[in-house]
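By written order: A, B and C. Residues from 1 in each chain.
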Amino acid sequence: MLSRQRARNLVVVVVLAGVGLASGEIRKEYHFSVGRKVNVSIINQYGPISVKPGVKGQVSVTAILHSDKVEVDQSQGRKRVDITSHLLSGADEESGAVEYIVTAPPDASVNLHSRNGTLHAEGFHGDVTLEGAEAIVDVRDVSDAHVHVRTLNGPITMTNIREGHVEVTSLSGDVVMSSVNGPFVQVNSNSGKIRYDGEFGGGGEYFLTSHTGDIEATAPSYASIEVVARSEQGKVENDFQLQPRHTSFPIKTGSAFAGTVGKAASSVKLFSISGKIHLKKR
Amino acid sequence: MNCLEFEELLPEFLEGVESHEQQTHLRSCSACSDLVSELNTICRQARLLQASDEPSPRVWHAIRRQLRDEGLVRSQAEKGGLTMLPGGAHHRSMRWMLPVAAGLLVTLGVVRYEQRERSTPPMMTQSSLRGAAPLSTGASSSSISGQGLADESVANANEDEQLLNALGAEGSSLRAAYRTDLQDVNGYIRDAEESARKHPNDEVAQQYLMNAYEQRATVYELALDRSQP
Amino acid sequence: MIAAGKGDLTDARKAQRARFSEPEAIERAKHGDVQAFEFLYQMHRRRVYSLCLRMTANTASAEDLTQEAFLQLFRKIGTFRGESAFSTWLHRMAVNVVLMQLRKRGLAVVSLEDTLENTDEEAPRKELGVADRALMGSIDRLQLQRAVETLPPGYRMIFLLHDVEGYEHNEIAEMVGCSIGNSKSQLHKARMKLRELLKPSRAEKAFRP
């Protein structure tokens, strides 16, 4: 049993220096044998991370280090693979950057953290967590799993996310969601715009809120939603014919609307302090 | 005793309530003997299922966030001031306490706002009542209790300056970016409080406030938290 | 250059190694120490999560229930006086969280009082006089896990609480709101059902050496 464990944890590290790389760059490859539902965590200071599904039973990591002022620490636990960029003395945003290209089994859950660079994850049905102050986030094709995204100023794009909880916090980065449906979808934005184009499906709860960022939600004519929208100082528009419903606050025309479309299976709340809100019909 | 009668009493037998008749039957009946062995095997092997799986890190993140939102965790600062150490060590000491303090902002900001409005004791936990850092919502404090808000504004600005100083090694453009972020979230907090004043007991206004403090906590965490737990 | 073996952890991760005993962590958690909370979470997360996962057979639900159980624990930790083991206290809370969730979903936590007629569909077949040695000693955890997932919810709950988690029937009866007799009978049916599920098929037997 023990030798099997050791064999399973075998890590193969390949270091290639100078092959097809810019001067000073170092390429390293790591391969981990893993079981089901492994958790893959990549903590990077600077640089992009891309994670896509690969073969079952294996996590493969290619790290391109921009200089020798950064190291890659890697470890494997029973159900985890942890990769961390470790800055050495004198490293800065350029010299400390690492580019990660990773493949993992589709049932893996993925945690990516990088201050800048693109964080890309696609094709998983394990939880996906992406964070970074300036990171540009792109997550797509995730089903039956939770998606959590936190950025300050980087834009966020989410495409084809189904059947899980989605929670997004962003300050100034725009948030664009296409075909994002699930039991719970929440976006908390400051000045970033929120654009949602989807069905508001699944009988879920959808909360899209901002401080000053505009909110534009596009849904099909057959959508089944109970919607409440309100902007304290911004304009509010609605393309749907709503069956009116009671709210706890007065509905001021031009600043708020509330009602139902179809069977009102899902709950949609669009709130902004001074952003414009527009519920569009596709 | 036949097999049917034996199986009728099997649940008690497996609990240790054995009769002489049952023992006799077992000795002579291989089918019932096998049945008992198999059920005992299942019972023994069941323990393998205890603590055999592990939740994703997301669960702890969510718990930690909620604990902060509810004011159930408190920062090092409340135990006796921030630890100001020279150079990089200052950054490392801040790194632990500031996200926790930032998390307190979410709950205490809302609760203290309500306290000012209603002049009733806040529903705070015992831990959050012990010397929690005062909060402010930003520079403008025209509407109510100007002195109180001004005090909190100063305290908040001090916290923000400490955060920016802790990032001193990171470069001026990065500090400028975080300074802008803090201005944005403080502006959101101001406007959210204004909205709450105009619409007391309004859930939407309360939600704005919660969202604004959540964003403030996110700025602190992402500014300082280099690695996930 | 090729190297094999595990890499080193960063200093940050090494620093996160546990520094408390459990009683210390509990005391610190009462005073709002987030690292103490984390220590307690890391110590007990697997057991709580495994219970939730066995009951719901769904990782997302199990994680939500785990989160809720720990949050309830941390909210009430100030009231813990050490009358029972901390793990017992936590575990009870987790069980209650799961039970509440199942009730909300309208799922039967346990079947009706024991009558063969009522539970005919679920009751395992009696195989009297059939010798079958194939099961003995041949179950692994994964097989058992899969079999448990297919049990009806009532059987599954009692089996998990008694055989997996080690509760006594009187405790189970109190938690799930049934009689001790019902708890015993459900457990027996669960084990019999598992025995059926875990037997290899005729086709599998044919290929055995």
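In this text, a contact is a pair of C-beta atoms (placed from the backbone, for glycine too) under 8 Å apart; a residue touches a chain by one contact, two chains touch by 3 or more.
Keep in mind the model is a prediction, meaning the values are calculated, not measured.
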| item | value |
| --- | --- |
| Mutual neighbours - chains that touch subunit A and subunit C alike | B |
| Pair of chains joined by the greatest number of C-beta pairs in contact | B-C |
| Chain at the geometric heart of the assembly (C-alpha centres) | B |
| Taking each chain's C-alpha mean as its centre, the one farthest from subunit C | A |
| Approximate Å spacing (C-alpha centroids) for the pair subunit A, subunit C | 31 |
| Intercentroid distance (Cα basis), subunit B paired with subunit A, Å | 21 |
| Centroid distance [mean C-alpha coordinates] between subunit C and subunit B, Å | 24 |
| Contacts with 2+ other chains: residues of subunit A | 84, 127, 146 |
| Multi-chain contact residues (two or more partners), subunit C | 10, 12-13, 63 |
| Two or more partner chains touched - positions in subunit B | 54, 56, 58, 226-227 |
| List of subunit C residues in touch with subunit B within their complex | 10, 12-13, 16, 31-34, 37-38, 41-42, 45-47, 49-50, 53-54, 62-63, 66-67, 70-71, 74-75, 78, 126, 128-133, 135-137, 139, 141, 144-145, 148, 159-160, 163-165, 184-185, 187-188, 191-192, 194-195, 198 |
| List of subunit A residues in touch with subunit B within their complex | 39, 41, 43, 45, 78-79, 84, 92-93, 109, 111, 113, 115, 126-127, 129, 131-134, 146, 148, 150-153, 169, 171-172, 188, 190-191, 209, 211, 230, 232, 248-249, 271, 273-274 |
| List of subunit C residues in touch with subunit A within their complex | 1-10, 12-13, 59-60, 63 |
| Subunit B - residues contacting subunit C, complex | 3-4, 7, 10-12, 14-15, 30-31, 34-35, 37-39, 41-43, 45-56, 58-60, 62-64, 66-68, 70, 72-74, 100, 125-128, 226-227, 229 |
| In the complex, subunit B residues that touch subunit A | 54, 56-58, 61, 171, 177-178, 181, 184-185, 187-188, 191-192, 195, 199, 202-204, 207-208, 211-212, 214-215, 218-219, 221-223, 226-228 |
